[in-house]
């Protein structure tokens, strides 16, 4: 998993982060911006949740037949919390976008900037 | 000898409470006058009650709050502070009476009298400030409280003057703050109770910066040229404001600040070593002459008074900058002398304006016949400024010249002489016009100012006379000034 | 705009590329993440919390406070959406949107199974992947799907008017109640009793939290969707 | 009987949350009572808070292990003196909530009342939690409660501009939160712990520097955005100006401070860990602060909209705070800490007074509001006192901060910052004097302004109370200092003054 001395997971995470950032900054459409934000958030979640993995590990369910090593349960709990937070933020953002669309009739930032 | 006593705190508090009551009185004229006058009287009594102690050398102190060691709000009524407080509370009482007469029928009188009281409160606060922080606190508050008075008329001209006034004074305030902060950083204390707090080893550049910052900061209000630009403009304020604030409170606070910096922050000895005071003395000398020269060209009465003020204030600065006991005596004395004489003039000018509507020198022909009492008072003040012997102004000039000689700077004696000539050149034409020319419109008979205006004028003029004639009587300003000088120079009395 | 965005992305990418150097390798069992706090949870989690699903143990017990704030976050989202200006009320909405018969059929067919799966996730959560949040997400999806089919007024009838605000607040309130109970029983806020004779209480507390999260989360997700539609 | 105050710490957070959860329930029955209910919740919370602060003042800092899991094994609340110093900010809610009653009744339909008050309570709970938690991830979650409710509160006022301002705020706020989460995650991966103290202890010299630096940068950037330090301020002016006035007060006075508190926490952590060269960071912080002061003031000068002006002034004032911490000298840090509280008080005063003026006259620009002081003398006086305070003229609350920060600049041998500070303040005065002139010394241009009446008592009483506090805090400024000094001692590389 580590050609060229770099963990591929990290490369994927960084790539996702940058893709999301580019969408957020460069796109003019509000919905696309929001999607970009979600992609960025996903990249961080991916980073957290993969950090808890362990070579050949089992999920942290200590039922009969489970063998150590176990994946760390903390990152999973963190990501669960994080997802809920992001869902909440996304919900509020979507409501705002709905309101903006109802009022201005557009979702393009370029056009919004020209209106009072 | 220090005595803990709440009176130095109470004195500013009374005016402060008075301001609140006046604001609360709103449109009710009776209560407004009642509170203004009774507060003035109570305060005067309070300050006077400390006078005997001060003459015995007692220093009243009162600590209000200490934030951290060395930083706090504290009051201290030493001889010099007492001197200043006495002058301002006496004049407040008189000006209040005058203002009640003068402001009749003007709008927003509650605002006017309320801020008026606040200004006096802060002036006395400055007088009794134990440390530079407390000093600065009241110094800035004074700036804010004067602003509504300057723009009272709410005309565009007044607003412009107010803007200029604030620009100058707030930048000055910034410099004072800067200087104070640096002084604290260098000395670890800000007290004004000692003859100098700054250590000589603080570094030349640091000390120079502190000196420059503090002098520029206070110099703005003391209207040392070229920092005087706000003063002539601020004359758009109602005359009682010009009188009290621009002859007494605001400008004197600046001059008071300069002297405090010289005597209590740096100390005479350190300044003599450093030599910072010499340029200041030259600047003051320049201001004395230039101010008078400009005054000569002014036709508008209040502007002529304003430039005269600029010139006269620098007597105080010069006196302090010479760093000799005699000069110091002159500087301190001049705080009172200039105040009483100048306020007389402002009162008279205001009375003329109210009674006849005239505001220019050229319109004054024959005014002596119409308003004989007022013009007599004006003449007394003018004679004092010129420095005719037996008048108060002479005492100042005498000691200042002595001080200059003591300092080995005889050139300043010449400055005194030229200044006297200039003073004569711009005051006497007014007197001449008033008495020896006939009015164009024919004689309309005696038409004096109303009593509420006239009485304060006469009291002030009488006091100017008294200051010159009875200089040596105990209890007169001279005795207090002597005590103050003894503290600053640690030398015995300086009676020649 | 795009040029700036690209420049920003390049800078960020470069920073991240430098930053990941020296991070512990993935999958390494000796990484700090496995040997400090994580190790203790694996070692003593079952004994200390009574839950075999360690994610649940962390979520409800060890880091229950996070979860409490988390349900507050989702409640905040609801309050936020409810506080925004609205064009019309539910009463003005059309009875049902025109829906394709296929969608109608599929939703009707799947709805009971979705509900059943959600319940299974909820009650099997302590021994298998799942738990309150997962069940809540499914309930929410169910409400959204039904809302599409039934229209806003129809969907509004799914949850009784009077019970709705209570159900929306269910998760934070239950958390507070459990926290208070723990406070009374163990002396610490949100503490779960460990004494063997109180194991039943401990299970009941955890179960209450799971159910509240599932129901509250589901109702809030549904309400968010319904409110946002305006 | 002595109350076991330490046991009540989690309830300082839980009370507003429970209150918020119950507000819509109450609103469904009788919307009229939601306002008083919210106020009651605030007062109860404040009572707990004040008791806790008093306890800390007496007994010193303490930690509270949630669920009994102490150390890194659970979540710890840490109530130190810095938390105790900023926590009384929640007192401001006790005046903001009653002030907003009238606004809510006039401007919002009853169906939204419950949600509005719930959001206010959530902001408060989030902020309290944010200041007292000792856990990195918990910090993030609390920050989200506060941020999310702030976004919504901005948009409460309308569908168009308000929603757009709120969305801009949301986008930047969300990225900032994400950065905080990224920093948290990196630190967690590096140390295996989330507890602030434990992370600091485990960030030993053998931990790779690269990721640590990224984590530090991410966290700091995140909090600088939340604190609206120039040039990361772009979201602030619109959001704060367009929000309803009570909300503006909350946002400008309080929510921005979460960024500062976060910054202090991060610096505390990294200072304890000694993992990052902090000297350069402090210098950068000082520069950012100085630039913020000047740019905020500069931009404010061109504003005619009263609230927009106040919003830009917030950027300046945050600059003071950041500069104060950046100087890393004891006096400066004391000044900055004092300013955290003072600015909250003063800006609340100003925004509420501005809101009162706008509420009564319907105008919001200075040129329209000319001469309003005659019709509304008390509100205008409050506004003037606020202006004098924020400029930092004595004897008001703003002065001491300026004094201490300037002193700190000289103490740290960074005299230029002292000059910048003192004269930056003058710059700020320029626009406040415009405001005072317009309110007091210019004739009204609108009949509606000339005939306006004073605000009702539910708004006036909070205003007068706040103005009085501005003055009293200035005069009795020494009292809280005894509290701040030990508080900042833990923030700094050097001891207290």
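Letters are used for the chains, namely A, B, C and D, taken in the order the chains are written, and counting of residues starts over at 1 for each.
In the analysis below, a residue touches a chain if its C-beta (ideal position, glycine included) is under 8 Å from a C-beta of that chain, and two chains touch if they have at least 3 such contacts.
Bear in mind that the values here come from a model prediction, so they are computed numbers and not experimental data.
S.K.: Starting at chain B, figure out the least number of steps needed to reach chain C through touching chains.
M.R.: Contact-graph shortest path, chain B to chain C, evaluates to 2.
S.K.: Write down the chain pair with more C-beta contact pairs when A-C is set against B-D.
M.R.: Most C-beta pairs in contact, of the two: A-C.
S.K.: Using CA atom averages as chain centres, what separation in Å is found between chain A and chain C?
M.R.: 16
S.K.: Using CA atom averages as chain centres, what separation in Å is found between chain B and chain D?
M.R.: 44
S.K.: Could you state the distance in Å from the CA-based centre of chain C to that of chain D?
M.R.: Between these chains, centre-to-centre, one finds 30 Å.
S.K.: Where the centres are mean C-alpha positions, what is the separation of chain A from chain D, in Å?
M.R.: Chain centroid spacing, chain A to chain D, equals 29 Å.
S.K.: Can you list every residue of chain A that touches 2 or more other chains, as numbers and ranges?
M.R.: In chain A, residues 51, 74-75, 81, 85, 88-89, 92, 96, 99, 102 touch at least two other chains, as defined above.
S.K.: Where in chain D do residues touch two or more of the other chains?
M.R.: Residues 137, 141, 144, 148, 151-152, 155, 159, 163, 188-189, 194.
S.K.: Return all touching chain pairs.
M.R.: Pairs of chains that touch one another: A-C, A-D, B-D, C-D.
S.K.: If we count contacts the way the header does, which residues on chain A are in touch with chain D in the complex?
M.R.: Within the complex, chain A contacts chain D at residues 24, 30, 33, 37, 40-41, 44, 47-48, 51, 74-75, 78, 81-82, 85, 88-89, 92-93, 96-97, 99-100, 102-104, 112, 116.
S.K.: Flag every residue of chain B that touches chain D in the complex, lowest number first.
M.R.: 65-68, 71-73, 133, 136-138, 140-141, 143-144, 148, 151, 154, 158-159, 162-163, 166, 170-171, 173-174, 177-178, 181-182, 184-185
S.K.: What residues of chain A sit close enough to touch chain C in their complex?
M.R.: Residues 1-2, 6-7, 9-10, 14, 17-18, 21-22, 25-26, 28, 50-55, 57, 59-63, 68-70, 72-77, 80-81, 84-85, 87-89, 91-92, 94-96, 98-99, 102 of chain A touch chain C in their complex.
S.K.: What residues of chain D sit close enough to touch chain A in their complex?
M.R.: 137, 140-141, 144, 148, 151-152, 155, 159-161, 163-164, 166-167, 170-171, 174-175, 177-178, 181-182, 185, 188-189, 194
S.K.: Any idea which chain C residues touch chain D in the complex?
M.R.: 15-16, 18-24, 31-38, 40-41, 61-66, 68-70, 72-73, 75-77, 79-86, 89, 162, 164-166, 168-169, 172-173, 176, 179, 182-183, 186-192
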